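Look for chain A in each of the two complexes below; its partner is chain B in the first and chain C in the second.
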Partner chain A sequence: MMVHTPDMVLHNGTTQTTERIVNPDSEYLKELPNHLRTYEQALSYYPNQVYIGNKTPDDLTALPQPWYDKECDCAARYGKFGQIMPQEEFILLMQVCDVFDLVKLDKNFVAQHKGSLASNEIIDEGILSRVKDGIAPEEVARLVNEDHAEPLYHNNELVGCAARAHDIDVNLSAHVMHENIVSKASSVLALLHVVKSAGIQKEDVEYVIDCAEEACGDMNQRGGGNFAKSTAEIAGFVNATGSDTRSFCAGPAHAIVEAASLVAAGAYKTVVVTAGGCTAKLGMNGKDHVKKGLPILEDMIAGFSVVITQDNGTDPAINLGILGRHTVGTGSAPQAVISSLVTDPLDRAGLKVTDIGKFSPEMQNPDITKPAGAGDVPLSNYKMIAALAVKRGDIEKADLAKFTVEHGLTGWAPTQGHIPSGVPYLGFAREDILSGKISRAMIIGKGSLFLGRMTNLFDGVSFVVEANGGTEPEAAGVSEEEVKGMIAKAMKEFAATLLAQAE
Partner chain B sequence: MSILNDKKVIIIGDRDGIPGQAIEACAVSAGAEVVFSSTECFV
Partner chain C sequence: MDLENQKRVKEFTEQYGAENIVVLLGAAEGEASGLAAETVTNGDPTYAGPLTGVSLGLKVFHVCEPEVKEEFDPNIYEDQVSMMEMVLDVDDIVSEMTSIREQYCKF
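Let's turn to the complex of A and B:
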């Protein structure tokens, strides 16, 4: 799922908040509002339609870059992988997800937009009943001006705020609470969608793993957690417990390996991996976008959820025997990193690079990264994988460029850190494997641990999703009586055949 | 003689390109003095 949040770009993205402190009169801050997209423009942005499943990565590959100046022929709000929610509904969802009465909304804003939240396809009565009526606009202004509350704007008007949860604890400040509630609300929206898409009941979910990049806790346990359980509560997963897994952008890949392992071990039957989005990264490369006359493309909060459950004999499976791992001893050279994540696990499994139909490393949208000078991140990864494939003799040197097309994908995910990290392809990978287009996909997550200043190490993990070998699901196991019946039936048919031949 | 010999260098690596530590190793081997080295993330 995605949320279009233009006002949060202005007020919560760290590029903008930093600029407001160090250079408050800058040309960038003056020019920025003129580059914000409307909700309709965000809907008709091609990569966004890929993210929610109305277009495919192949559609995007066929479309010449850049994409920001092209209008997608599909501008639907809902897709098979979720929706693109407008900001006003999301602000209400933030209030729904706040259980400590911190998100205070202008009562007029609530009255104006509650109806549209109610008509949202995925919002049920359980969610809607949590919407509070709101408070007087004067009280919202007072909380912002006199009590350190983080303002919430819509169309540049103050419509609410996130209050601080403690007078002096910085970990419960209004800023942190706002950031965490945005992450929680977007994760909840993803959870609501995933149970519907997967065709399971909320009650079926036994464990939730949150793999976002935020931290919740107070001054005595910064990052104590637990986003997973708090989102499961709002989503109505009454039979679930959960925990948080963190490793910067590599978090989702770690979490999925953990989830698959828990299911394989029989500890839990159904596990959901989930993550909400990140306000801090909104407009992260905005200075370059504005300088080059582009719209602000980093105006989307994104989230995702993945259901991992017992083998049903049909759906693609995660092969826990083919795991890539960047270890402490791997080092940080790009070749060493890709070897540890791609070729080493394939070697252990006796596979060639070309045995993987599609690789999904970090699927950042190049429309965002190229104008900012960060290049085409997925393509850089494919070139390195292809170079290693040549070195191993898996492909010819002349086929380098062909490899990046045949085994690669074009990035479509917003630069929300953990969000683009391998997992956006999972929905398409399931379809591509079920249709027989590919038989295996490798998902690669990479994380910048050094940003936390605890280690200079890099991180990464990869796993392979492959076509189901047709293992009979547990529930369809046959009893001794059934086996006897089947043998008797076969014997009868055999005898009938012999009789027919004798005649 | 390397152009980096006896030069002070500041290194900003890119996590999706060449990390600071790798550039640092090259610069030091070419005789440079690394006064600052960092790897940044732009995505």
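Let's turn to the complex of A and C:
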């Protein structure tokens, strides 16, 4: 799911909040509001329509870049992978997700927009019953002006605020509470969508893993958690518990490996991996976009959820035997990183690079990153994977460019850190594998741990999703005949090896 | 070049002397390499970091330049850099780096 949040770009993106402190009269801040997109423009932006599943990565590949000046022929707000929510509904959802009475909304704003939240097709009675009436606009203004509350704007008007949760604890400041509640609310929206699209009941979910990049806690336990359980509560997953997994942008890939392992071990039958979006990264590359006359493309909060459950005999499966891991000893040279994540696990499984139909590394939208001087991130990754494939003799050097097209994807995900990190392809990967277009996809998550100043190490993890071998669901063990057959086959193979050696 | 790295380059230069410092870059393309090289020679062209207006004139190379490659044990280079060498536009990087060194390098 995505949310279009233009006012949060202005007031909560760190590029803008930093500029306001360092250079309050800057041309950039004056020019910025003229570059914000309307909700309709955000809907008709091709990469956003890919994110919610109305368009495919292949559609994007076929479309000449740049995309910001092209109007998508589909501008639907709902898609098979979620929706693009407008800011006003999201502010109400933030109030719903706050259980400590910190999000205070202007009662007129609530009255004006409650109807549209109610008509949102994913919002149920459980969510709606949590909407509070709101307070007088004067009281909102007082909290902002006199009590350090973080203002909430819609169309440049003050419509509410997130109050601080403690007088002196910076971990519970209004700023942090705002950031965390945005993460929580967007994750909740993703959870509501994922149970619907996966066709499961909320009660089926036994465990939730949150893999966003925020931390919640107080001064005695800064990152104590637990986003996962707090989102499961609002989403109505009454049978679930959960916990948070963190590793910067590599978080989602770690979380999915953990979820698949928990299910494979039989600890939980159904696990949901989820993450909300990040206000700090809104308008992160805004200076470059404004300078080059582009709209602010980083105006979307994004989130995702993935359901991982027991083998049903048809859906693609995560092969826990082919995991890539960047270890402490791997080092940080790009070659070492890509080898550890891509070729080492394939070697262990006896596979070639070309045995993977599609690779999904960091799927950042190049429309956003190229004007900011960061290049086409997915393409750079594909070139590195292709170069390794050449070194191993899996492909010819002349086929390097062809490899990036055949085994690569064009990026469409917003630059929200953990959001683009491999996982946005999972929905399409499921379809591509079920349709027989590919038989395996490799998802690669990479994370910049040094940003936390605890280690200079890099991080990365990869896993392979593959076509289902057709195992019977809930197979009640293996029959005696099958065991005999397997032993006979193994002995035959052993005998053949001995004979071959003797020759 | 990020501000923390500019600070470190400046501190090392003060500690060891500019003539004893070689800056080795690993940037992914010519323009970024050129900007980083300019920062440690002529000063920060973005006017944002500690090297703004500070012309250190340091020796600066990209790891894919031939004179740097020669310094390496070939096996280690093969293991750690050859993949990126295949991916990067090395000619563009070499031309950017040479141009910056010719203009601003003092050693």
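One rule holds in what follows: the second predicted complex is superposed on the first by the 474 of 503 C-alpha atoms of A that agree within 3 Å, B and C clash if a C-alpha of one lies under 4 Å from a C-alpha of the other, contacts with A are read in each partner's own complex, and residues count from 1 in each chain.
To be clear about the criterion, a residue touches a chain if its C-beta (ideal position, glycine included) is under 8 Å from a C-beta of that chain, and two chains touch if they have at least 3 such contacts.
Predicted, not measured: the structure shown is a model, and the values here were computed from it.
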Exercise. Considering only touches as defined above, state whether A:Ser230 meets chain B (first), chain C (second), both or neither.
Key: neither
Practice problem: Could you say whether A:Glu362 touches chain B, chain C, both of them, or neither, answering first, second, both or neither? | Solution: first
Exercise. Applying the touch criterion given at the start, work out whether A:Ser380 contacts chain B, chain C, both or neither, answering first, second, both or neither.
Key: both
Quiz item: Is A:Thr245 contacted by the first partner chain B, the second partner chain C, both or neither?
Solution: neither
Quiz prompt | Which of chain B and chain C A:Lys391 touches, first, second, both or neither | solution = second
Quiz item: Which partner does A:Ile338 contact after superposing on A: first (chain B), second (chain C), both, neither?
Solution: second
Quiz prompt | Comparing the two partners chain B and chain C, which touches a greater set of residues in chain A | solution = B
Exercise. Would you please give the residues of chain A that touch chain B in one complex and also touch chain C in the other complex?
Key: 333-334, 373, 375, 380
Quiz item: Tell me, which parts of chain A touch chain C in their complex?
Solution: 331, 333-336, 338, 373, 375, 380, 383-384, 386-388, 390-391, 397, 400
Quiz item: Which of the residues in chain C come into contact with chain A in the complex?
Solution: 28-29, 31-32, 79-84, 86-87
Self-check item: In the complex with chain B, residue positions of chain A that touch it
Solution: 249, 284-285, 332-334, 362, 364, 369, 372-375, 377, 380, 415, 417, 420, 446, 448, 450-451, 456, 458
Quiz prompt | chain B residues within the chain A interface of the complex | solution = 14-19, 21-22, 38-39, 41-43
